[in-house]
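Listed next: structures, encoded as structure tokens.
In the two complexes that follow, chain A is the common piece, with chain B as its partner first and chain C second.
The block that comes next holds the complex of A and B.
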């Protein structure tokens, strides 16, 4: 009997599959992982307890953990993400802990199948896939699908399991241990770590279940809480202000992702559907507020939109399905495609220009070809770094000087320069197949590519246009969105930061005066936020906001709320003074699980998870000198192409001394040693991580 | 989920005579009604149930039904989740009374349809399946050997009485649209009861893809582009034009 019966939310069991021995076991989620909630919490805990510090990414001893939290699969909005935690294949120069956050329908279906998480360990001696259905797991032979793309694999497994199954699969890229590989489910929802699955000979995991998730609290209370939460929703990335004037709106801001308006239509729906004014009080129109195709591709995006799509239970459809009939005959690919953000423009962003301009028909065809190839081969773009690296290496002659002439000449560079999307058919399959020097190097990820070619990382760190940060990865919502707060956040992870707590506030579209009022409530002073591009020197409130942002990210990745939408620190409701509610996580968590936890208590659990990530990083690097060796900041942050001075209007550049000060303030807020940037023994103890401190202490890694 | 009917029971034997190994279609049920119209009492061979041996023949129209617009559906499944979260206190798409999950990946016709595939892996079109609140004949109610499916106020929805339901799953097979689910936790069948007139699925849809509309009897109307054929069982002519 599982202890979870006392709680709702969790389905109660974690599945553990050892591919080396074929042994399949289960453990009690609550008994073993409750203090870590779920998601990344479970992932970090497993890595800490079970994967030794010197493990290499493709060793059988590395583990990959697919984990959800108590809200996944319920009616709580935005609950679709599965946290995928493992040693990160593109983390340079050594493979440290990393997580990917895969949306789609996998998280929910895994829970309906009876499991909160799946831990994969060992290595199968031949290609296998894992069938998880109604509480039972079976290791299946995958030799029939090995070598196939993600689409074909999904179809084959769905034939065997049934059309309702959700399949998370790798493509040829992951099979071939290309570090820049993804795991993909529900057409377009990916997480990195595809090569780790490949190294284990694991082609896919199919989940299917008729089970249910119990809501511990009163169902009417639950309904009320969910509706209240929805009432605070903005558009994608919690933009609470529309991007054009609307009859109901006090403000508008052209930069936000709230793009709906009368006359703006899902143009390729049959019949076309008008998105309309979308008054925020009308919860039956939330899905029309956002449109990634329109946000990233402009007018042509609207014309080609079929509908919004996305994860289980999420009213914000941030993946957009677009239909471009011309590509079927021209490139032999399906006429519909779907994705968002850098995945949507995966193909387009390789090119510097197109024959009919950057917003013309060819550019959208490049998007279609890119999505089709990348999401089938399972190639990762490292948040656009792949494409930026590609352009730099080509236009600065790096490819030509570093790869063999025969390999270089084997590409149709004239097609590339002309902006012909067909070029992608030459490039992407070769990355997935590790074919030739050029493609193989790109598939390594930036850090290992530079190392292979003897290029200093500092060259990348000083280039403004590359957005490269450190450890092989780029920035993800940094100083351009939130000044010092953004910089601090971008120092903390071993891949791009994946944190949106800060940008979902600073880019919510509200006038700065309103933001400042809300910031005072949230972080103690209006000075916590500035207008992006008109920053002021560091203060302690920004450090508080940085810590809060990081903790909320880990909280969301553990209870299964989407940090691309949360936290709900503001709302579109004028009558609330645009206030959001930062206790919403605690309300939902308490009702669904029956484990009543206040905002502070949940924040503490989040801090435990975040600090465990820090401890994993310290142990993995074998040094406690985090401030100087890990939390580094690229030079481009301190430069400005127009020689403007920091803290003047129009520049996002930061000041070096001020940022040093910012890091110290953050360490202080976090309870970390200011000299090293490592958590103190007292901080570990406060968070219930005394044993972690003990192990680090023995290794001389404690501040 | 489809569940095999208990073919050992008398009801199962009868159903397998009518449609061996296959679910009953609406058309077959109509035919069945015709065939047995000479004496509705012949339905009583389902055996003496506690609630009376004669099944309930429902002739009252439901006040309304939920309908879906597939073009607007964004596949978020908030309708399915609202149905069971707010009615049953659990998230359970398998027992939801509106069904979207089964059509999300490949559409209602499954994955053998090549270019015609719907759903996320095909054209993107998501078809929502919902209970039609059938007018007479009501296949699920007619098939229930325990007369557990009744018309209930306030909106005349066809509702399962859990006290009478024995979990035999015959109604699952009888519904031509496979809209009835078996809940393994309660061991009862469950179907749409229109949330007594305020359907939670409709309330939950973030894309205005669902509406609650009144039931309009269009049986006497011939669609403009269809050649009318006389395919109604003779015995129905008493009530239907």
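The block that comes next holds the complex of A and C.
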């Protein structure tokens, strides 16, 4: 009998598929992975136990793990997350552990199909796809869809499995082992790592099931907890303040993503739908609060909005569906598209200008063309680094000097300079096909592109406009959002940090004095947070906030909650003094699994997962000198275009000595050796990772 | 009219997004005397009635404008902050813009994108905003109000009493460009 039978939340089995041998096995989730919760926890554990440190990213010995947590597929809000963990193809100069995080409906359906996680290993000798339905897995021939885009692949597999199936697929980009490739489910929800699937000749995974998730706790308590959780919700990215005055609101802030208001309409719905005032006590109006198109594209975004779309169990609906009829005739593409953030502006971001301005019709057409191509070919944008690299390389003459003349002249640069979206039809398919020097280099990812062209990484690290951080990837909410706290967070991963725990607080829209009150409760002092651009010197409370943020990210990525929304450290509720509740994760976890854990106990599990990621990085790099070799900070952090000095109002520039101090304070908070930035044996032991310490010790990698 | 009915009337107005001035209440009571059976409330009793409404109904609140005139609203349907916006709106677009700009500069702190004043409940046209800005230029009472333009051409305003120009420029650029470029 599976140990999982004692618990709710987990469905109890992990599927393991060896594509080299065709062997399909299962293992007990709880027995093997309970201490790692799920998601990234399972992914890191598999990589640590099973993938040797010298494995190359496209070796059959590399593994790719699709994993969910106990909340996926339940009615807990924002549970639609699947963590995809593998050696990361764009991590430069060596492929270290990385994770991507898909929203959509794959996580829930995989569990309804009977599995908490799927471990893919080996390499098939011909293109295959994996059919997972009602507890059974079959390796299917994919030669009929190989060479096709994500959209057609999804439709074809859905046609075979049924309309309820959810398909995670790669496009031509992943097939061609382009490192800058995605895996995409539900047509618009992606994670990176597509080339690893391609290297295994795995085109797609289709999941379908009629199963359900057992809630171990009292059902009424569960319903109450879900309602309570929803009551703490803001808009997208947990903005708890509307961006214009509303009758119910004490504050408003033009910067937030809470854009609903009476008179603001989803203009392409038929008839148009008024978003209304959206009083936070009305939980049935949460979906109207956010509109990614309006936030990123302004007034035209409202005009073209059909409705919001999103992931399982999430009321936020941040993937806004927009309808732009003109693109059908002009470019021969569908007139609707959906996405958010850098996915929504994927096409637009290549261009510096458009004939009718940055917010005109052409710019939204560029968004449509970009979404259509990228989401079908499966090209990744590395959080906008692809587009920033492209602009720099073109306007600074790097393309012209580094690629052959014939290749360079094969592009219609006049179209590009004029802001003609049709240019994207020349560029993106070539990236996916590795066609020509220019496109092939862009598809490598920044680090490998620079290496291929003999450009020093320091050139990128000194240019603030590029947002480049290290290891081939950009920053993701750093000092611009949260001063030293943001800097610390951005040193910790092997790709962009993807952590929103800190920024979902600093961008919540509340006045600084209210934020400081909440910060005192959460991290021990109001001094944990500053107003952006008015940063104060480092203190221990900022180090605590950084550690808390990182642990909450790992907790969300393992439990299956969305870190693009959580943690719920503030709320829109005036009667609570805008307090959120940082015990909500432990409340939901305890109720769904029946494994009662306090906030502190669950944070310790998250710390175990985070430290295992650190250990994987240490082993992968072959050095314990994390402080100097890994946790590096680009030069642009210490610069200011107007020569303002750190800690004066109006600059986000950091001070070198202060940041060194910040890292030391963080290591101390984390229980890591301050000299090396590596966890100590005692920290590994405290977290139940003594065996990990033992292995590192044998290799001389223990601090 | 009883205090309970007066509270109900204030709530209905708040639900519709309106503050009630003393004159509005007197007019309502007068209308009820004419069109209904309520002939008991004489004008002289109205202040006492209002006081009773405020004291006996927790949600009924009063805000005062610069002249000390009272305006009534129900917190069931609008916050004090929203009521103050409506109060400023009643004092004309220039006063409203200046006070909102000062409050944002002091409280959050941040400069205000002028496009905000086109949103409800401000509802100013672009021409009205431009006219107000012109009226501020060179006038002593508005000497602290400054404007700046972001790199994508949008205009923000702020009070130099609370924000220095360099800081205001950085914050405006962050809101207008930075948030979208750092999603």
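Here is the rule we go by: the second predicted complex is superposed on the first by the 703 of 703 C-alpha atoms of A that agree within 3 Å, B and C clash if a C-alpha of one lies under 4 Å from a C-alpha of the other, contacts with A are read in each partner's own complex, and residues count from 1 in each chain.
Keep in mind that, in the parts below, contacts are C-beta pairs under 8 Å (C-beta built on N, C-alpha and C of every residue); 3 or more make two chains touch, one makes a residue touch a chain.
Because the structure is a prediction, the values reported are computed rather than measured.
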Clash or fit (per the criteria above) of chain B with chain C on chain A: fit
Partner chain(s) touched by A:248 [first = chain B, second = chain C, both, neither]: second
Partner chain(s) touched by A:131 [first = chain B, second = chain C, both, neither]: neither
More chain A residues in contact [chain B versus chain C]: B
Contacts of A:533 with chain B and chain C, given as first, second, both or neither: second
Which of chain B and chain C A:511 touches, first, second, both or neither: second
First, second, both or neither for A:470, with chain B first and chain C second: neither
Computed vertex angle (chain A) for partners chain B and chain C, CA, steps of 10°: 80
Contacts of A:649 with chain B and chain C, given as first, second, both or neither: second
Which of chain B and chain C A:262 touches, first, second, both or neither: second
Touched partner set for A:358, first chain B, second chain C, both or neither: second
Distance in angstrom between the closest Cα atoms of chain C and chain B, superposition on A: 20
Chain B/chain C common contact set on chain A: none
Contact footprint of chain B on chain A as seen in their complex: 73-75, 77, 105, 108, 112, 151, 154-155, 158-159, 163-166, 186-187, 209-215, 218-220, 222-223, 226, 230, 269-271, 273, 283-288, 306-315, 317, 321, 323, 336, 338
In the complex, chain A residues that touch chain C: 244-251, 253-255, 261-263, 295-296, 341-342, 345, 358, 384, 467, 477, 480-481, 507, 511-513, 531-534, 574, 642, 644, 649-652
Residue numbers on chain B that touch chain A, as the complex places them: 1, 71-78, 81-82, 84-95, 101-102, 104-106, 110-111, 120-124, 184-185, 200, 203-208
Touch list for chain C against partner chain A, complex: 14, 17, 77-82, 85, 107-110, 112-113, 116, 119-122, 152, 164, 166-167, 169-171, 174-175, 178-183
